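You will see subunit A twice below: alongside subunit B first, and alongside subunit C after that.
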Partner chain A sequence: MIDEADLLGDGPPASPDLSHCTAATRNACKLCTPLGACLVFRGVRGALPFLHGSQGCSTYIRRYLISHFREPMDIAASNFSEDTAVFGGEKNLLAGMANVTRQYQPEMIGLATTCLSETIGEDMPALVQKCQQNIADLPPVVHVSTASYRGSHMDGFHDAVTALVSQLVTDALPHGAVNLLPGMVSTADLRHLRELAERFGLNVTMLPDYSDTLDGSTWADYEALPSGGTPVAAIRTMSGAQATLELGDSLRGNTKSAASLLETRFGVEKISLTLPVGIQATDEFIAELSRLSGRDIPADITAERGRLIDSMVDAHKIVFGKRAVVFGEADLVIGLTAFLCEIGVQPVLCVCGGKTNHFDVLLRSAVPELPGDTLIRNGADFADITHEARQLTPDLLIGNSKGYGLARELDIPLIRTGFPIHDRIGGQRVLHLGYRGAQALFDDLANTLLARKQQTSTIGYSYL
Partner chain B sequence: MSHQAINILDDRSGQVLRNGQDPTAKIACDKPSAAGSVSQRACVFCGARVVLYPIADALHVVHGPIGCAAYTWDIRGAQSSGPQLHRNSFSTDLQEKDVIFGGEKKLTAALRELIAACRPKAAFVYSTCITGIIGDDVGAVCKTLAEETGIPVIPVESPGFSGTKKDGYRAACDALYQLVGTGSTEGISKHSINLLGEFNIAGETYMMKDYFKRLGIEVVSCITGDGRVDELRRCHGAKLNLVQCSGSMLHLAKRLETDYQIPFRRISFFGIEDTAAALYDAAGVFGDPEIEQRARNLVSLELARIQPELRRYRKILKGKKAAIYVGGAFKAFSLVRALRTLGMKTALVGSQTGNPQDYQQLKELCDPGTVIVDDSNPLELAKFCLEQDVDLFIGGVKERPIAYKLGIGFCDHNHERKEALAGFEGMVNFAKEVHASVMSPVWKFVPRRAKRLSTKKKEAA
Partner chain C sequence: MYSDTPTDVGEIDSIEGVSPEELREKMLDGLPSKTMRKRAKQILTNDPDTPPEIAANSRTVPGIMTQRGCTYAGCRGVVIGPIHDILHITHGPVGCGYYSWQTRRNLAKSPEGAANFLQYCMTTDMQEDHIVFGGEKRLAEAIREAYALFKPKAISVYSTCPVGLIGDDIHSVCRQAKEELGINVFGFSCEGYKGVSQSAGHHIANNGVFKHMIGLDDHPVEAAPFKINVLGEYNIGGDAWEIDTLLRKCGISVLATLSGGVTYDEITSCHQADLNVVMCHRSINYMAEMMETKFGIPWFKVNFIGAESTAKSLRKIAQFFDNKELKDRVEEVIAAEMAALRPVQTEIKARHKGKRAALFVGGSRAHHYQDLFADIGMETISAGYEFAHRDDYEGRHVLPSIKVDADSRNIEELHVDADPERFRPRLSPEAKAKLVANGFTFSDYRGMMSEMKKRALVIDDISHYELEKLIETWKPDIIGSGIKDKYIVEKMGVPCKQLHSYDYGGPYAAFTGAINFYREVDRMLSSKVWSYVVPPWVKARKPLAVAAAEDAA
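Showing the complex of A and B:
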């Protein structure tokens, strides 16, 4: 029962204490599974994402992805109606698949389920088969199960990568290329990863690769499906690669990940790495590229690393001892936390928005120098983060745009990383990875703190 | 694929019309979106959520998996002059076990805790696709909680698949209607109105309220811009309903007319013509010459204030062509007229949810050759933008990249915008924004335009 006294007064308080409202998720720090799957499918050349469910799912996900990437993001849907929900979605799926095949002429359709189609128990393999039998010119269809009541957008992302590998890859002759599974990173990250691999002369199949499809140039004429992405043919022959580099600690022990599947099914070596944020994780990544290519590290990469360390020395006192709250997707948070520890920033709270198995163990083993009193939260929302942050008196927040409200409340800066960044221009181009990404993050961090110092100073030095 | 090669789907051929070719032609509308058509529409939940969103002292809880709540967290430009509770996103975040065993317990606990912490004046509980399917009795949970907490706890019937966005508007109106008639109408002026379908995007409601204050007309409740539960409770005491976004609010206006004999007028505050007409219309209803005189004074004062600036923009923008694609058709009428004020032509116009009367009116309003579309999609919109060679696109966030990719200016006229575009000041803001986008020098670098420029240069040489 609620105390009568609580109901008196003039409406809601300015900032209600939500810490005891644990039954609800309050301002989620995660998105739903099909979003991750749609993003992956957008990273396959000529592929059209297709959601089996209500129209709203595709429209909301489109709008959300557009707000970050600022690029067209067409996602088809089978547009369930009341009848469909009762009698099943076969008719709508067939009609929808036929329509998109005709209108978009895709090279692949990435079919993801939604809560609705999962709950009514649609038999997706059977439905896909029906589509294949009935629709002339239907391209390959890869389907993935993405009920939003199972996991977060990260799970949808990884499951879609696994589905692509599981359903498209066939036996291939060894070709010496390297598979690179980057995880959910920015378009600038994707380009940089490819560039690094190519500097070692490695031929890479990066899956997914939305660096062009979601960060391309303006067009002379409309492109129904923007150019770029991993070719289906290249995915098919990932079995012939010499190794798979799978980035992100959350996939390390996952025996069902795409890299694990390539290893067990085709004997392609799985190499698990921390997302290369900061120096040590990038060192490990570069060392692997060197090992796989049999080449020494190119001088310009070493020079880039050298400049980064030089700048860290120049600015070490500016950042040292600052207290940071890091939030977002597990792998990026782990990478960022490692980097913060490298530069003397103290991560006081590390939050994974979705639920990642053993997040605390993964974080501590990836970042052994993490102070013992750092709070680690798994599956936390922004009410949790706010509640903790209010007591921790951090100096800055590091994460996506959804942390802006908290940054404003605490009057501290937010360093924007990850997804979504929809209150700044260029969110899709934030570079996090490699020495160059670390340099960009470091400069951003140090300069934000300097700017802060200027703003809060009564004197206003122009020379710091 | 070139835009000429883009096909209109057979299922949709009746939903596209070229104005003036056949005067008797009727556009097909009011139907579910073709499967696979990448409609710009959302779902029933979206319709209900957008209408109720601005009620700032109510608790809004989405009963479903996380997506529905996460995608609607603080994305709207609807402002509140007081409480900010509406800007939170609360969800029962249903998990697999809830789907199997039911989510009623979780919903009950969530509501109990949130109502205690947030002290809302009412709570809206939105059902989503799967709450409908798993058979949770949201109504029963709401009833229990209402009894327990003493505030109205109102179920919003909005499973995504149960119709179109329009059905969501209706669900929202029905939910609102549970509050109507529960408050005292004492002290309400005989010159009083409700503003329906005005959502206080970027503070527009404040501007409208100021106009009516100057006319001597009391605004009892704005539904739902800067909305408050107590105002909604007594809105049945107003003498007139002004309905702006008629697609969303006509249902409520009709119910208020039937049950409380409150007449309504469809009006719009977009563009100077429509704003002036709305003020005159409202003033005329009360049969008070003083109010009518005040309306005339207000309009002439405001026009005098903004006309010089508008004329400057008009000079520059004259002859430019625009595409309009918005949620409701009624806004499209205003935009066609507002563009005319700026000397611009509408070459493509459409809406997600227009009805046959709306499209008939659009046909009459638009020039011959204007393409009219219902429930369109990115491919069609791109095709017609290029065919009609427009300089500006007015739409929402989903349409923005279509325009930008093709080197077309863009003006956001959806609920996510942060610029006030209504009323007289809003018209200036609108002109400013259109001008800033259409006249930007960046377009000359965009391939489609660069090609044209170089052809022109060659011809000149």
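Showing the complex of A and C:
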């Protein structure tokens, strides 16, 4: 059996100076826009993601999502050919939409564009209308524009949530439920968020919810579309909710976010929160649930928090003063950075792989205790990260599987978080959120450091 | 004496009480008439003696879930990507490059200090400005940067869909860079929309490798009596290394493997070989033909997947060189390797003899892997390719009758002539005639169908719906496919072996690889997990795999 890890060698020759590199992205730390949109659509019950463009993009995106979730992931495409690329994709779109309608009988079709259809400048609203006129039984179609030359997978994700809200929600009578927009988190995170809200007796509409569709059990019968997800009917009536909890600092000031839309169109209160990673952000999230429900905080949640604090006391000496590099999606990086500061790990470099407006400001205001000399990079690739990290002598890396090469080069551990995780089992259900998520991360971090210490120990001692 | 005469392969009558013809009807039933007419030509019951015509390499209907990828994937991802000391630059938005970043498990090792860029994924990451105003300048800068950083021997550039539309002329950018930098820089117009599948990309890649690399270096390679190239072998999971080791044991040197664990220098000098053997016919037959025309290197098809096939392939190579010493050496090696393999094979065969496999993958793997399953007594009841052409199913004799459609016409057919100085026939006409008279075939691939059972179901570009019908009706014990189907198949309670990435295992080639494969299949089929699928408190139903096992018992 060949151990691929052994083949890495020392990697390509180290570059003398990378700072002048501007024209190329080397080992990107972001994925393409429609991937985020497809993920969101997979979190709507009975919905089928559909890409208007060549089949290659859909195949690649499926392949990528599958390698992380280890679950089936169907994305249809309008299969452009050279002719289509020149004359437009109307015929292909109509044929494709008719075919999936008949084959899958979806409850909704989530239509995203690719760079190809965007470059041609397809008039998507007009095309969708044509489909509606010509295809009997066509379910609701929600369309989102996702050119990858305009953003990253996170933009695709948020834009798809906004599109769902903007194109599906209609007036509804107040029903007192709470809308929860979790952002791009793991399936375990989604389950935990729902559980927490329900502990307060709150009725939540979580959008998207791919906790079942992308982390399901084996089937009793063949399922053309996996069960689970947010029902279209529930999305339609998000206007009747008492408030929308929108997680993630990157959306806080965004007046076009889904929560902002619900607020301006339907008067549903927008509540922006930091992604609840670590203690303080979870405290705020829990406090908000308590306020919205008018209920006290259940004793078991307080106990869970207590256990976390207790373990932090126990293991403080192990993690304190360690230096970490954090990279990945903006909101998760902000959450993780806050958490690291809470436990006494020093974030020496915080990187957002895509470009997020004012990332440094967002990070510093969410984590005021962040040391002034912590490097913050927005829209950086792994070549940049590597270049910085070599000087910073970190003790560990926190981020997705693509950090493996760097971890190997620096000979330090990589704590896997976020997306994609394709070199560990269970990457799709890494729990980051809530006290429970913080506990899991904390234990993982402390134990990784302990394991290191034992491995490199010259004596070998088992009381640590 | 080696002979390519086919042997009798047997017939499938009915499985689980359903005949192949009935299952085919079931798959076609209920499709809209146009789609049904199309699929009817892609789902056939086999006849090994006169394979029926299959409508392979036709466009996937929009909206039908396909396993297929794009032209770019076939070019950059499959054929050229594995050349590990070339710096590859994807010209396009970020995704296309990212998704082809080590996603195919083509492995490479290089000595300390030597360049290996496989860990690298470089892309121009085009932004809106570049789409609107053109991306040539950015590409030129990216090439310059790449050169400044790494000083590679060569840089290769790939166009993705939007680049074709905005009309960037990557070839002139490459030409200029080549002049400016003094290294080999070349580009591939492999926009994803150009073909029916990744297959178009293979062809474009073959053309480019032939034009820009093959024959550049005439410095004599190390003297060796038997020098060959292995074409269409991509070193997934280390397969090429197994083949290399095996051939070396026999005294045969491999100049270059196209393209797996291979360097630029090996490729530019590999036209000095005596023979090309072809593993994956689909992706590389163009190269084999062009090298024969220009340099006089003969080629034939081999298969190092499966113990029997490996032995057969070695014998054929020895027969070609017609050297007593080599033939003896080959027999000794086969005997030694088989002695190690037999006990494992016998043990595993005893457990799984008679079980059924179905394979839907690739442009050659769905054929090759039938041999590995056959080694352990398993029968392939149905198979099909993702992106192969008629010749890969029916055999190369159908080539003249394949209609060239608009999609294929897109791809340039290089006009190749014999090289005035370097063309050198490797065999005398007499020697060749003698071999042919004895049943030896050159430049030939008989295709998958001639080696499959009569009435086995052959399904091209299988859809999810058809796969589901197959599993439900014929209850295969294992399916060989790719990552996009794996989890669907396993959700239905049937183990699925990925034959692209090998489930991150391998190698499976040659005798040592075969042992690996038998063990992995044994592990998959013997896993208890399938029996836990239904909780004990749910009595009514059984997972498909368990039901099949009980029926068999």
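In the analysis below, the second predicted complex is superposed on the first by the 444 of 464 C-alpha atoms of A that agree within 3 Å, B and C clash if a C-alpha of one lies under 4 Å from a C-alpha of the other, contacts with A are read in each partner's own complex, and residues count from 1 in each chain.
Definition applied: a contact is a pair of C-beta atoms (placed from the backbone, for glycine too) under 8 Å apart; a residue touches a chain by one contact, two chains touch by 3 or more.
Because the structure is predicted, anything quoted here is derived from the model rather than measured.
Overlay on subunit A: subunit B and subunit C clash in the combined arrangement. Residue contacts after overlaying the shared chain place A:Gln105 against subunit B, while subunit C stays out of touching range.
By the touch criterion stated above, A:Arg62 is placed in contact with subunit B and with subunit C alike.
Once chain A of one complex is fitted onto chain A of the other, the partner contacts of A:Ala77 extend to both subunit B and subunit C.
Of the residues of subunit A, those at positions 1-2, 4, 7, 9, 11-13, 16, 18, 20-28, 30-32, 34-35, 50, 53-57, 59-64, 66-67, 70-74, 76-82, 84-85, 92-93, 95-100, 102-103, 114-116, 119-120, 147-150, 152, 218-220, 222-224, 405 touch subunit B in one of the two structures and subunit C in the other. Across the complex, subunit B meets subunit A through its residues 1-3, 6-7, 9, 11, 32-46, 57, 59, 61, 64-75, 82-85, 88-96, 98-99, 106, 109-110, 112-121, 128-130, 132-134, 148-151, 159-163, 228, 378-379, 382-383, 386, 396-398, 400-402, 404-407, 446-448, 451. Chain contact summary for the complex, subunit A toward subunit B: residues 1-4, 6-7, 9, 11-14, 16-18, 20-28, 30-32, 34-35, 50, 53-64, 66-67, 70-82, 84-85, 92-93, 95-100, 102-105, 114-116, 119-120, 147-150, 152, 217-225, 402, 405.
Residues 1-2, 4, 7-13, 15-16, 18, 20-28, 30-35, 50, 53-57, 59-64, 66-67, 70-74, 76-85, 92-93, 95-100, 102-103, 114-116, 118-120, 147-150, 152, 216, 218-220, 222-224, 405 of subunit A are the ones touching subunit C in the complex. In the complex of the two chains, the subunit C residues touching subunit A come out as 32, 35, 59-73, 89, 92-101, 103, 105, 107-110, 112-113, 115-117, 119-128, 130-131, 138-139, 141-142, 144-146, 149-150, 160-162, 164-166, 191-194, 237-238, 241, 406-407, 410, 464-465, 468, 472, 483-484, 486-488, 490-493, 504-507, 516, 533-534, 541, 543.
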